[in-house]
Structure formats: structure tokens, C-alpha cells
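Encoded as C-alpha cells, the structure appears first; notes follow it.
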Amino acid sequence: MELTAIVVGLALLEYTVFTMLCGRARGRCGVVAPATSGDPTFERYFRVQQNSVEQLIIFVPAMFLFGRYVSVPIGAGLGLVFILGRALFARGYYQDAPKSASGFGLALRANLSVLLAGLIGAVVAYF
Amino acid sequence: MELTAIVVGLALLEYTVFTMLCGRARGRCGVVAPATSGDPTFERYFRVQQNSVEQLIIFVPAMFLFGRYVSVPIGAGLGLVFILGRALFARGYYQDAPKSASGFGLALRANLSVLLAGLIGAVVAYF
Amino acid sequence: MELTAIVVGLALLEYTVFTMLCGRARGRCGVVAPATSGDPTFERYFRVQQNSVEQLIIFVPAMFLFGRYVSVPIGAGLGLVFILGRALFARGYYQDAPKSASGFGLALRANLSVLLAGLIGAVVAYF
């Protein structure tokens, strides 16, 4: 399971970078807390972070299910595809929202593959 | 623990449906990213997704605590009540925000029961 | 691992309090769902909850990595620092957003220490 843990940790580290870029954008764009809107540039950095939370809530448990009930190395590979997709998503979104689409789709496909296969693996292990 | 993993996987699958309905509502309501407000219908779909993240951040680890320190089958039963409550919450919210209240309360009660009993079970196991 | 589970459970319990205070603020400030803005007081309560989700998505898996690959008692100690930091963060934010900074920084440092050391521990265990 070490490999699963490492890939999950790397995905959380990537997310940490997104949160720090979002915090920096808040200062640069002059968006004063608790506001989270009002400047389109800040809103893009904020949405990258928020959308990452929305995906990680699936990814983290799904990776452990996949690692336990399907395959640790295949799970790690799919996890790396997820991390790559999220990097492309963020880089695109920071430029212009529509440019995030291809990275978003890549990461989403990897994420849902991990979830569905992990769930099927758990069902098969139960019966 | 397979049963715990299956119920957690099903809750994440239900959440995946909410995210896809939210994505579809974004297109239909003409809300252009990075905006997340401006159309009341889209805002209802968005809040269902966001509120699901806010609950799943408790539910996923609490289910594993409960399964380990209390009971796998009872945890699975409470988890299914949570999933049902979230479905009623979403269906109600999509129609009108106040209609989400009864499903919200059902899921919240199941979620907090899993968390509190799982925490107490861990404390008892420690001493 | 019981100690890790207990500290994670306590952090989720603290977060549950933040969500309930946010729900109460919604009623008191007259912010009608699905809206999440429009009243500065409610927005502060809402941001405390949202920011807690943004941090817990790292904290929960990182605590289990740290507990498994580094040290359960040290992880529990850092987890308690995180919980204390989040309490100071929330109390400050409820008064005025800038007053949340010191608690935020304390919790963030504890959280990133747990993540980085847990990830390094997993890498060392793998090789």
C-alpha cells in the first residue's frame, strides 16, 4: 500500500500548491476576505482550488479501495494520470476557463475509473 | 471491511451523479465559468454538490472508524440511510430549497451517529 | 492507530460545530438558500466552514499516512495543534477576517508538517 499512499500524498501536495497560488492571487487581485468573488482572475484561481476539493473527495478514498481490491501498481498509474490531468486543468484555467477542459476530462476519467473499478473490486471481494 | 468500502463507494457514486447534474445545469442555465452564481436554478444544483462535499468530508472517515471500532453491518445500514437521505435532499433542493430539509436532516442524523459512535468506539478501544 | 482515529474524529467533531454555527448564522442573518453571500457576518461563518473543508481534505488522509509511516503519538500531537489552530482561526474569523491569520498559520503549519513527513515516511517505507 506504500505506493498508493505515495500517489495520494503527491495529489495532496499538488492541491497544496493550488491553495497557495489561490492565496497569493487573493492578495494580488485585492479580494478582501470573506469575499470570494469580484475579480475574474482571482475567481479562476479560487475555482481551481474548489474544484480540486470536489475531485479529491472521490480520489482519496477511491485510491485506497482500488489499491486494496484491484491492484496497487495499476492504481498508482491511474493516480499519476489524475495528478497530470489536474496540473493541465489548473494551468489551462489560470489562462482562461475554457482551456481547462481537456485536463479536467483526463483527470475525471482517471478518477471515475479508479472509483468504479475499486467499488466493483470490493463487491467481488465481498461475495 | 468490504461492506464498509462498498457503502462508501456507493455514496461517492451518488455524489458523482450530483456533480454531473451540476455540470449539465451550468450549460443549460448559461452560467459561464468561473462564475458560480447569477442563476437561481444553477445555484440550487451547485449547492447540492457543495453541500455533499461538506457532508462527505465527515462521512468517509467516520464510516471507516465505525466499521473498525463498532460494527461493519450496522455502519453499512447507517451509511445506506445517509445515501437515501442525500438522494431525498437533492431531489427536494432541485425543486425548491426548503424542500431539501427533511432529506438533509435524515442524512445529517445518520452521519453524526456514525461519527460520534465511531469516535466513542475508538476511545473505548484505546483504553 | 486508535490515537490517530481519535484525533481525526475530534477534528471532524470540531468541524461539525463550525457547520452548525454556519447554519445558525444563515437563519440569523436572513440569507435564504441557495444564496451564500449578501451578508458579511454570514459570509464569515460560511468561509470558516468552507476553509475547514479545504484543510480537512489534506488533514484526514495525511494523519493516517503519518500514523502508519512515521509515529502515532507525534501525529496525534501535531493533530491536536491543528485542532487548536482551527479553533483560534474560527474564533478570530467570527470577529473579523484578519483576526483569523495567526490560528490559520498555526493549523496550516501543523497540517503541512503531517503531510510532508507522512509522504516522506511512505517513500522511505517503499524503498
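Letters A, B and C name the chains as they come in the text, with residue numbers starting at 1 for each one.
In the analysis below, contacts are C-beta pairs under 8 Å (C-beta built on N, C-alpha and C of every residue); 3 or more make two chains touch, one makes a residue touch a chain.
In this text the structure is predicted, and so the values were computed from the model without any measurement.
Chain B and chain A are one sequence twice: same or different residues at the contact, by the over-half rule?
Different; most numbers are used by only one of chain A and chain B.
For the two copies chain A and chain C, what rotation in degrees overlays their C-alpha atoms? Round to the nearest 5.
An angle of 120 degrees brings one copy onto the other.
Taking each chain's centre as its mean C-alpha position, how far apart are chain A and chain B in Å?
It comes to 19 Å between the two C-alpha centres.
Identify all positions of chain C at which a residue touches two or more other chains, and write them in rising order.
Answer for chain C, listing residues that touch two or more other chains: 37, 53, 57, 60.
With touch defined as at the start, can you tell me which chain B residues reach chain A in the complex?
Where chain B meets chain A, its residues are 2-3, 5-6, 8-10, 12-13, 15-16, 19, 32-37, 49, 53, 56-57, 60.
Under the touch definition given earlier, write down the residues of chain B that touch chain C in their complex.
37, 40, 43-44, 46-47, 53-54, 57-58, 60-62, 65, 68-69, 93, 97-98, 100, 112, 115-116, 118-119, 122-123, 125-126
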